[in-house]
Amino acid sequence: MKLFSMTKTIFKTLGRGPSTIRYPKEPAKRYEGTRGQVEIKIEDCIFCGLCSMHCPSDAITVDKPVKIWTIDRFRCISCNSCVEACPKNCLCLNNVYHEPVLNGPLTESFTGSAEPAEVSSEN
Amino acid sequence: MSRRIVVPFGPQHPVLPEPIHLDLVLEDEHVIEAIPSIGYVHRGLEKLVEKRDFKDFVYIAERICGICSFIHSVGYCQGIENIMDIEVPKRAQYLRTIWSEYSRLHSHLLWLGLFADSMGFENLFMNSWRIREKILDAMEETTGGRVIQGSCKVGGVRRDISDSKLKDMVKDLDILSSDIEDLCHVFFDDDTVIHRTKGVGVISKEAAYSLGAVGPTARGSGVSTDIRKTGYVAYADLDFSPVVETGGDCYARCAVRARELLQSVDIIKQAVDAVPSGDIDVKVKGNPDGEYFSRVEQPRGECLHYIKANGKKNILRERVRTPTTANIPALVKMLGGCEMADVPVIVLSIDPCIGCAER
Amino acid sequence: MDLLIFLILFPLIAAILMLLLPNGEIRDAIVKIAALIIAVSSVYLFIETFGKGISYVTIGSETVGMAILLCELVVAIFIIAISLKFRKYIVAALAIVQTAILVYAEEFASVETGFLNELFVDEFSVIMALIIGIIGSLICVYSVGYMKGYHEKHADVKDNRKLFFFVMFLFLSAMFGVVFSNHIVWLFFFWEITTLCSFLLIGYAMDEIAWKNAFWALLLNTIGGVGFSGAILFILVYSGNGDFIYLNNLIAAGPVFAMIPAALIAFAGLTKSAQMPFSSWLVGAMVAPTPVSALLHSSTMVKAGVYVIVRFAPIFELSYIGVLISLVGGVTFLLASAIAIGQSNAKKVLAYSTIANLGLVVACAGIGTQEAVWAAILLIIFHAVAKSLLFLAVGSVEHQKKSRDIEDMSGLISTMPKVAVMMLIGIAGMFLAPFGMLISKWATIHAFVNALPPFGMLLIAMIAYGSGITVFFWAKWMGKLIEVKKKSSPLKKEATSPEMFTLYCLTGLTVITCLLFPLISGFMIEPYIVEVYNGTVSQLLSLNNMLIMLMMLVLILLLPLSLGHFSKGRTVVGQYMGARPGVSGVSFAGSMGVTKEVELSNYYMEEFFGEEKLSKTGVILTIILLIVFAAVIILNLPGMVM
Amino acid sequence: MTFEFFTNSSFIGAVLFILFAPLIGGIVMGIDRKITARMQGRVGPPVLQPIYDILKLFEKENMVVYESQNFWILSYLIFIVVTGVLFFAGSDILLVIFALTLAHVFLILGAYSTGSPYAHVGAERELIQLMAVEPMIIIAAVGLYQVTNSFDTAGIIQSTFAPVIVLPGIFLGMVYILTMKLRKSPFDLSTSHHAHQELVKGLTTEFSGSTLGMTEIAHLYELVFLLGFLFLFFGTAAPLIGIAVILIVYFLEVFVDNATSRVKWQFALKSCWIVTAVLGVLNLLALYLI
Amino acid sequence: MSYLTKSPWIIHYDASSCNGCDIEVLACLTPLYDVERFGIINTGNPKHADIFVVTGSVNEQNKEVIKNIYNQMPKPNVVVGVGICACSGGVFRECYNVSGGVGELIPVDVYVPGCAARPEQIIDGIVKALGILDKKYKDSKKGGDFK
Amino acid sequence: MTIEEQKYTDIMKEDLLKNVKDKCESGYRLVQIGCGKFGDIFEINYSFEKEYSFENLRIKTTEGEKVPSISDIYWGSFIYENEIHDLFGVEVTGINLDFKGNLIRTTVKAPFNVKNVTKVKPEKKETAEKKTEDN
């Protein structure tokens, strides 16, 4: 029938049931290669600043003298550029996205020292 | 006394996914005059070449538009590579081809959905996007990004796809193509769709050609032009011919895109069969010096990246002429004398990507 | 019943007085006084005759009869002369034919006609007299204010107000004559006078277009006149019974005899009430000053046409001639309504809606059942009140806005709130539920259902489509009135005081007739129907339904109180303009850097409802119907002629 | 079969309508949305979603262009309720129809009164729709009268046999009209349940908060009224079949909503009138032949 | 809980993004994510909307547009900035025609970072916004006025 | 993989219309008009294509000079010419649909004609200020 050529699809869809991911109840769909956020193993970092140089959106700032590596999550485009630039392979891109937040800016600083990574989120 | 109705259409309007505005002058519902105007999403990113070196600019280039993202990066990289005479590995070229066609699939499905929605066919919209999600899944799995793939770089590609994965993808596409066929059948045959699209926004072959229309807009009018035929990336090795319809109306443009879906599936299959093994990138040394007009076929049509460099890290000028820009004159012509209800259908029928057009 | 004679003669005297008085306040005052006297005496007539049924007045003087015949000739000669002067030979020829027939009939009738009971009055006449007396005189009062402004604004038109008021009052006199005449020749005389008056009033501006339309009206009306004189000829020459020259006798004679004269007079009625194919004169007549349109072409003159048809309605009951008349009315109703959609000139819309509503009356009259006649009379009443209100309101707006285009009435509620509200009530009166016309429509549907099958169903279909169409063009007009793009302060003086007075009165009447309609129905229409149909009248509208309608009306009248509640505590924000920058009021930043303003116009859908196409269809359809009509008459003729 | 407005049964009918119609309408709409979602391969909102929506709208700020617009909408709501009350109290069906028209005219005037271009075009389109459906409804009323010899709904419903048997054409015509009345695709011209319409929200563009809430409530009342109207074709002679058929019809409406794109007004008007002429008028004429 | 949280209607405006986030917002409506589960409808009309979803950064041209939309939304309402462009101007922050994130123009209640923000992220953002909506409603009840 | 041949023809501004007309008459379609500013010279490329053969006409102009519009030959050229006007400030005369600087409205007038208009990195101070504001 030309008038209701959608019929087949509709009944197929009805029969198949919803293809919805019931997201907050079900976990989100992720792939291994999904580009999420940049993570740093700060203990390996030599604060060379290459990542900062190659960041297309200037999200990363590296303060060599005080050994602080800072990323502005509001600027990061998860492009993997820094990961590729890093000579020490201390950066990596995980597959988890950042939670929505109520205020900005959202910067995370990592201080390079003997201690494990200290994460501070400031507003 | 005039019987005119003046309606400010857009920039914020539910049928417009992006801001474009039209001043519609109507009489009853006949459009007497419709002047489109853009300018809401202009960012000026071409100017960013002054800040970013030519390798990093690819990230900007692929953010010209989130829908045509991958092919923009192909166009940009290709331009740089040709200036610098970089021989990109064959496998990388094939992968670029595959991803390009995936982008086309995703873009066309997205468009078919929006198009259906513009004429009030919600179910068709939902079903188109349901299928599109499968394409996006494949993209995300292989490139890491759903809409901004970020897997093309100067000198090659950044990620490889394993052969087994390629085979799986083809298998998935086979399943998908039956769904796509069902969908196309509705676009081709359904009476209400025909009622809304046939004879709407007609533009003749001559007009389309002389107005410089590109892509499905031109092909829908019978102009056989498809930049893929110039044989960039791996297209020279693949067998396909441009999809051409002669109606020149929204129906024809829709049919071109619907048929291109199946064509893309076919091209992907061919490419997967022919993909050679080997490296996926080459090391890029030095800086570009020279100029190049790099042309690629986006889902919306021919896209042109003009790159001029003088041997410095930052290139001198990057100019992007996106298909939407080229199609706007045709759109202006199409809108004259249509009905108010046709306006969204016609506007969407050129598949406007304002993000592209304004950069 | 000297009152009848008074009602006919008094306006005549007033008219002659008008010719003598110069422009000025004295004349204006006299107009008002005369109007008041006419209105009061028509009300007095109502009180006098209330519950008395039919009563006759005999003048019994041969001289008066002869005088009338003479005047008739004078009128005819005037028409012939002016037609010849303007080289309208067809009009002249028709007028000659009509006069010739009349003279022949009078002179060579084989029967003696006495002079007895020349005038009569019954409930129907009283209703008509009230319409003429109250609405007609209100319109005269309105004219006082209006015509002054008219001449201030139309410097090119010769100030002929003396003649104007003369004709206006003459017209009222003639209308009273029409509704009170029992003697058909008298009826015809008054009938011709209304034709003449309308001719003079339409041609008031005396420019080319005015004359053209005036002659067109004259032409079509004389065609009707020929039909009318044919009826007289038939009665006098072929019937062999002079008694039938009296309306009451003729109707009482029943369809066997009266069918043919009734049909011929109904034909004349069709021309006068501007039914298709004759409707074009009424549309053309809109060139005249607005009170003229209101007086002649909405509330009263065209009512003369339907008046005679409704008079003869009992004859048509369940007959094919009646069905044909109904169909002409039905087609007119449907198509004229449809044409109104494509019009933006307010007076043209009103004209077409008048034609349409008269079509409905004619359709009802053609059906001729009790219920149908009841509906027809209701339609006449409600239409007269609401339509004259609308015409006059348009006239006042025209003075302020220099345009009679509906598009220019955009946001009238903000600039001329009083007139706008009255106009809204008038429009609501024309098509909305608890108001008059809708009650009539309800009755009409009830009447059609029981009409001669299967034509009843055809008529139902016409009214079904037609009422959908009516909703469209009225509602869009209402919408235009209340559509405020940008608030502005109201005018201090919306119209001259005589104009406002008239508008207030008519608005009041519109509402009151709706509120009192059960009484009108019970005490005026039903007795008439009982009398005409010789017997008991069935329950026409159940008490419950009346109560419901009244409750709805009260509800509508109470709802505006909520405006008080809504006027506070709301956040006021401008219209949605696609979020365009630079929005202030209704202007927005357009393409190419130009600031544009929103314009809003109604839909006219001319590809569906084009005037030309539809009138052509209508004319062809109705001409076919009339040919069949003529054929039926001719076929009936041999049996009838004795 | 004469009808008395102030009898117990009609009073009960009216009160039941006023109290429960929004609830029933809301649930029907909720199920409608659920089925629609399923047809689109989605989960869809909770069944009570339409009611949540309305309750939410009353929690919002009332934002107006002109204060008077609320007056028209209140009138719209009241007269939709009056329509339903008259209908369920068993009153004259022509009066019911006129009240319905009146209510819609109020809605349209409300849209006009805002002076917004989108609402304006929506109002014009709504008027076209009104014009398109009016003939069929009147013809349906007359058809019912021809069969049952009563204009009162109270009388019609007690007909000894189901009118639909001799009025199949009119019933189908009404089903066709119903699509337009329910503002479902392909006839969602003047305003649409979903957003992607060339008119933004058409008629209701400028209404917000409680004003919009009132139109939504009116819509629910109207839904119940319309379904009741369809039930007249079965009456007490075949109540169960009637309910079953109405359920099927409603499902069909949802299906059609999902299987068609929006048509243009020219087609909408033409098709409605042709359907009315072919199914309605011919059915009426055919009544004489039987 | 107010009913606002059960039926939040959104309006979406593409300020000047690359479309990436836009199509992801749209994707939320489609079968795979189907936000209508939460009663969310994309109204496209500011006067009906409760949640304003902005994607992309602000520039001189769309400043007025965003403000207009925001002002035409009846209170209580919330603004969700989706994508890093809406948060800070993102990768285009330094373009001459970009003046920055949406927060500089209108009060943004929830920021959803990401380039492009994923549908799940957007859902999270909207769910978070619902809480704020509820709070705003309750505050307004207490205060008697919409602030 | 094929690399497209690049063809340029440098022409004088005065000959532009004639050359474009030739192109039009021999059946070329207009692909684009693109401008670039190199030093003080504006380079405008007119790109044409016929059956996948891609050719360019190039004119050079300087600040303040006027460029004729080719919109009489190619109706659709207005979009590029307006764009060049808006972004580079090159005056194009006789455009059929002249947006008069309103096609692409920019904060900075003719941004491509200005040296280095991309904003410099926000100063530390500024950021600090913003922080206090936000808090």
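Order of writing sets the labels: A, B, C, D, E and F. Residues in every chain begin at 1.
Keep in mind that, in the parts below, a residue touches a chain if its C-beta (ideal position, glycine included) is under 8 Å from a C-beta of that chain, and two chains touch if they have at least 3 such contacts.
Remember, it's a predicted structure, so these values are computed and weren't measured experimentally.
**Q** Return the chains shared as contacts by subunit A and subunit D, ordered by label.
**A** Shared contacts of subunit A and subunit D: B, E.
**Q** Specify the chain with the shortest distance from its C-alpha centroid to the centroid of every protein C-alpha atom present.
**A** D
**Q** What's the farthest chain from subunit C if centres are computed as the mean of the Cα atoms?
**A** In terms of C-alpha centroids, the chain at the greatest distance from subunit C is A.
**Q** Pick out whichever of the two, C-D or B-E, is joined by more C-beta pairs in contact.
**A** C-D
**Q** How many angstrom between the C-alpha centroids of subunit F and subunit A?
**A** So the centroids are 37 Å from each other.
**Q** When the centre of a chain is set as the mean of its C-alpha atoms, what distance in Å lies between subunit A and subunit E?
**A** About 21 Å, centre to centre.
**Q** List the centre-to-centre spacing of subunit B and subunit F in whole Å, with centres computed as mean CA coordinates.
**A** 22
**Q** Check each residue of subunit A and list the ones that touch at least two other chains.
**A** If we look for residues of subunit A contacting two or more partner chains, we find 3-6, 10, 13, 18-20, 22, 29, 56-58, 77-79, 103-105.
**Q** Would you give the residues of subunit D that are in contact with at least 2 other chains, written as numbers and ranges?
**A** Residue numbers touching two or more other chains: 37, 39-44, 61-63, 117-118, 120, 194-196, 200, 205-206, 258-260.
**Q** Please set out, as single numbers or ranges, the residues of subunit F touching at least two other chains.
**A** 97, 99, 102, 105-106, 111, 117-118, 121
**Q** Note which residues of subunit C are touching subunit D in the complex, please.
**A** 411, 432-434, 438, 441-442, 445-446, 449, 453-454, 457-458, 460-461, 463-465, 467-469, 471-472, 475-476, 478-480, 482-487, 542, 544-545, 547-549, 552, 555-556, 559-560, 562-563, 566-578, 586, 598, 600, 602-603, 605, 607-608
**Q** Hey, which residues of subunit B end up touching subunit A in the complex?
**A** Where subunit B meets subunit A, its residues are 52, 56-57, 59-60, 63, 123-124, 127, 130, 133, 137, 140-145, 148, 150, 158-159, 182-183, 185-186, 189-192.
**Q** Residue numbers of subunit D touching subunit B in their complex, please.
**A** Subunit D reaches subunit B through residues 36, 39-42, 117-118, 120-121, 185-186, 188, 192, 194-198, 200, 258-265, 267.
**Q** Which residues, counting only subunit A, touch subunit E once they are in their complex?
**A** Residues of subunit A touching subunit E: 18-24, 28-29, 56-58, 72-79, 97-106.
**Q** Okay, in this complex, where on subunit A does subunit B touch?
**A** 2-6, 8-10, 12-13, 19, 29, 31, 33-35, 54, 56-57, 77-81, 84, 93
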